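Below: one structure, written as structure tokens.
Chain IDs A, B, C, D, E, F, G and H follow the sequence of writing; residue 1 opens each chain.
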């Protein structure tokens, strides 16, 4: 399949995987391997002083997966910038999945603070992948601000509702010159395939893999779904029509 | 992946392909190969006496594909039975995709005549795969009449609208002990994946492949979509929820 | 608004109301009055010998409402015909809402038995209003058999899912010369309005009224919804479009 | 029905009407009267010097309708503020429908510039009704900035697609303490009813009325749709369910 | 004498008429329909119709339904 | 002699067999099925089956279909 | 003397007031708002406000809008 | 001597370095990032950086996230 290019870097896989909520590190690794992803997101949190435990990083093959730190937990631009810089200091490449979610309940992104943080981080040399509501005008402004992608949500995080923002995402794709990565709410391979068929450049999935009975197998299912959607987009899909049309010939009947 | 079994016969592929409306035999063969299908449907028509031409059968490797004749053009049970018997006399195995569509415009199936024909053909030793509206009670009656599968439509033939009959198909799948094959209206791999995720045993696609810019590539896309949906069904999908749920931890924030 | 005509009889209201599942006769009457309905459905059941109680008929003003007995409980044509005749013997006019639902779980109608019963009852002089799956071919056959209406379901009874069978109902309306009454699954006035906007001649509602906190008020809400949908259908609705279009002028800007 | 209160002012109608795109002033007035609206939006444009013509205001009874000037055409906060002040200078009360739409094609609002303009106009004493994408976080920030309502779009302006942003609007309604007015894309009374059933406080309609064959009649249809939705919301709607539930009793059958 | 009434066996007095039975059961004639051995019974026959051993009687009425 | 072939009248020589007709029409036997007067004709009978005045013949084959 | 009126250059007589210009253009004062050099002009000033070379004048009014 | 460590007060020995503290806490240097008084601390400084009364220290690491 054709390559995905973000900030000049090539990827064979168009499926990004989140590492949250897995029942075990083994389940997480199984999902990563099954999905054939090349980009995995991680979060930054305080070490539990009384029980440092071991690091989940020990389970991630850095030669195989690009670590994409997110700024989850940031409630405004300042907190997001702080987290991005801490992640870079931790030895990650300067890539960041920018999340600014003041609302603790639905975890929806703040358009104002997200743009503000993006402008600061771009100037600071980061490759910025902002998580946003499916807002075509905001997507355009972020692109103008120099972000590497936009990551509009399909539906609220963790709902498995699929691409409920179809109309807006179609406009974002139409207007974008940077890759569009559909993030959040993709609960099944058909959802991922739908996003790709629309012309999205990639998708990010986490909850659907973490809650699956067999995360490794679900990872493989999403890999195929993403590839199916991309192939179909490239192969040229027919448009839906109101009028039914026979697939068998309408002449040569015995009763003619 | 697990095998599909119809009338005691095992198939590795869960994607059936129709051979109508292709721009050329080459395009048809490309779609068949790309899709990795094992069952292809064909129609019976009068030979054009003034210009017999060559047979499309010459292009189909019978050792690789099971020929499934349909009864397209039949307006009632009698015509359908006549076509099924002609197909068998042509040297096909006694398998038939039963279609009875009195309405020439939307080509929707007649539940009464379809059941009548199914009863006759089953007695006559045919393996009957009836094309029906997504009607759970009719599906049950056909199963009781001894059909090998039921083939409910996702949306009217050739519309590419996808699984518009979702609720009814879910009930059909829940009640069926024979394979459920979703037929008609599947216009994209995401539609095929959705049907498989619901627990359908297989799907049939024709128009979407025939009208694609690259039929071979679209065949491959559908193959992956079907596999993705089946894998996801087996791997155990999470249910959609109204409440958003974070994929990153909700503790250990710097601002605590 | 224009009149609804069924079997030569004129009605001002296009909203039929079911009388099942109400918390009290008072709630039922409130819903009937609020809805301004002129046709109410009732069911036939055995009298509880040990506790005959009083009849719900005592609460229904027969001069104001046409009683439409249904054949609920019938599992085949024979039982349906028996119930219709008992209802007529009870002094009702020979109108019947024909329901044949062998499946006790989803209560979906049987197309074969419904057509069989309809043919018998029409010959027997009944005005037959059959409850059916949204099957355009079946609807056409019932019309040919002489039924007074067809009553396709919007979604399974009691689910409040609305018009999930939109595509099929649109075809039924297009092909029908008898009134099309959308029945079952209409859970909100917007659902009823949608059906009427599509060109349905009437709708039947029961569960949505019976489970409302205020049945009388909900009856009024559905009355308005049905009138809104009918008015809009007659006033000529614009078609949906992909392209946005300004409602304010695109010239005369200060910045030109 | 209960009153709508915006900025301390009471309204009986919950339907706002736009005055654009009508074929004639007579059609516009007919729609206004049929709809029983109390708030009508207008735009500001340069006078055509060579052909001043007469003013459309001459056709609007100011004692009956509150004039709500919009800032259509504004591409940024500065232009929006300028238009709002010109409208006020024209003798309107200091109410403004704030629109900032840099994109001339889909006319979608800019979240950043809209918030900026809202903050300036609120300080300047305006009653601000901002038109926004269905973005819950932005809606919350505007509420905190002191706007009188939020007006999230149902679907892109003029598309008649209805409430495509259902999930987000539900969250906006849940979080808002100011009235939520669903604006743009409502093409049929069923769409307006759906928004009201969700708990929206009002809706704004223009295109659907302007393009109707009979604008006056369509106005009445929308009035009823809005009332139906509001009544249903107040009467307490039942939730959709997967499981069918009989509306007739499941006991007392003759076949027991 | 035993008949089957609405699906259950029931003892009734010899020579009991349908009208008599309804009265005994405190069921108003005008509110019900009676089926005797699968044949609908016209109301005007209730008084003269005498029940016999083994009769199958159905007494039905209208209830709320959708 | 006139027969009806695939819905249209056609002149054929007396004594013409089905096999002969197929040959005349340049239609390969193995690619088609033949129905004579609504009865399917087994391939092995093509050679001996002589056509008669007024016969109704259907010659069908497979085409692409969904 | 030349001013810019609604985006286009326009010749006007020296000493022309806003009120005079509106009259010349047959535009009713009460139907419009006038902006002179980006500042909104109160109606009561129309009569005394004399236009100057290079003035930028905007005359706007309400039209149908959504 | 008291500092604030990950949001909680903590007693540490005078002259304690960041490296020393990490060792005491059994936290591997390479797995964490340390912020002292809102400024990120380069790893090579851990050994020489001596903590002072009232210091605010944040020790963070990567966890699973979406």
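Observations, loosely collected:
Assume a residue touches a chain if its C-beta (ideal position, glycine included) is under 8 Å from a C-beta of that chain, and two chains touch if they have at least 3 such contacts.
All values derive from a computational prediction rather than experimental measurement.
Least step count on the touch graph, chain C to chain H: 2. The chains that touch both chain D and chain G are C.
Against reference pair D-G, the listed pairs B-H, A-H or A-F yield one interface repeat, A-H (criterion: more than half of contact pairs the same by residue number).
In this assembly, H is the chain whose CA centroid lies farthest from the centroid of chain C. When every chain is reduced to the mean of its CA atoms, the largest separation from chain E belongs to G. Note: centroid distance chain C to chain E, computed from Cα atoms, is 33 Å.
Rounded to whole angstrom, the centroid-to-centroid distance between chain D and chain F, based on C-alpha atoms, equals 71 Å.
In chain A, the residues that touch at least two other chains are 18, 20-21, 43, 45-46, 70, 72, 106, 108, 156-157, 159, 161, 206-207, 246-249, 252, 254, 256.
Touching two or more other chains at once are residues 7, 58, 60, 63-66 of chain G. By the document's touch criterion, interfaces exist between A-B, A-D, A-F, A-H, B-C, B-F, B-H, C-D, C-E, C-G, D-E, D-G.
Interface of chain C with chain G (complex): residues 246-249, 252, 254, 256.
Interface residues of chain D facing chain C in the complex, by the touch rule stated above, are 18, 20-21, 43, 45-46, 48, 70, 72-73, 75, 79, 82-83, 104-108, 156-162, 187-191, 193-194, 197, 206-208, 210-215, 217-218, 220-225, 227-229, 231-232, 234-256. If you check the complex, the residues on chain G that touch chain C are 7, 58, 60, 63-66. Residues of chain E that touch chain C in their complex: 5-8, 10, 25-28, 30-33, 35, 40, 42, 58-66. Contacts from chain B toward chain C in the complex involve residues 101-103, 106, 108-112, 115, 133, 135-138, 140-141, 155-156, 159, 161, 164-168, 171, 175.
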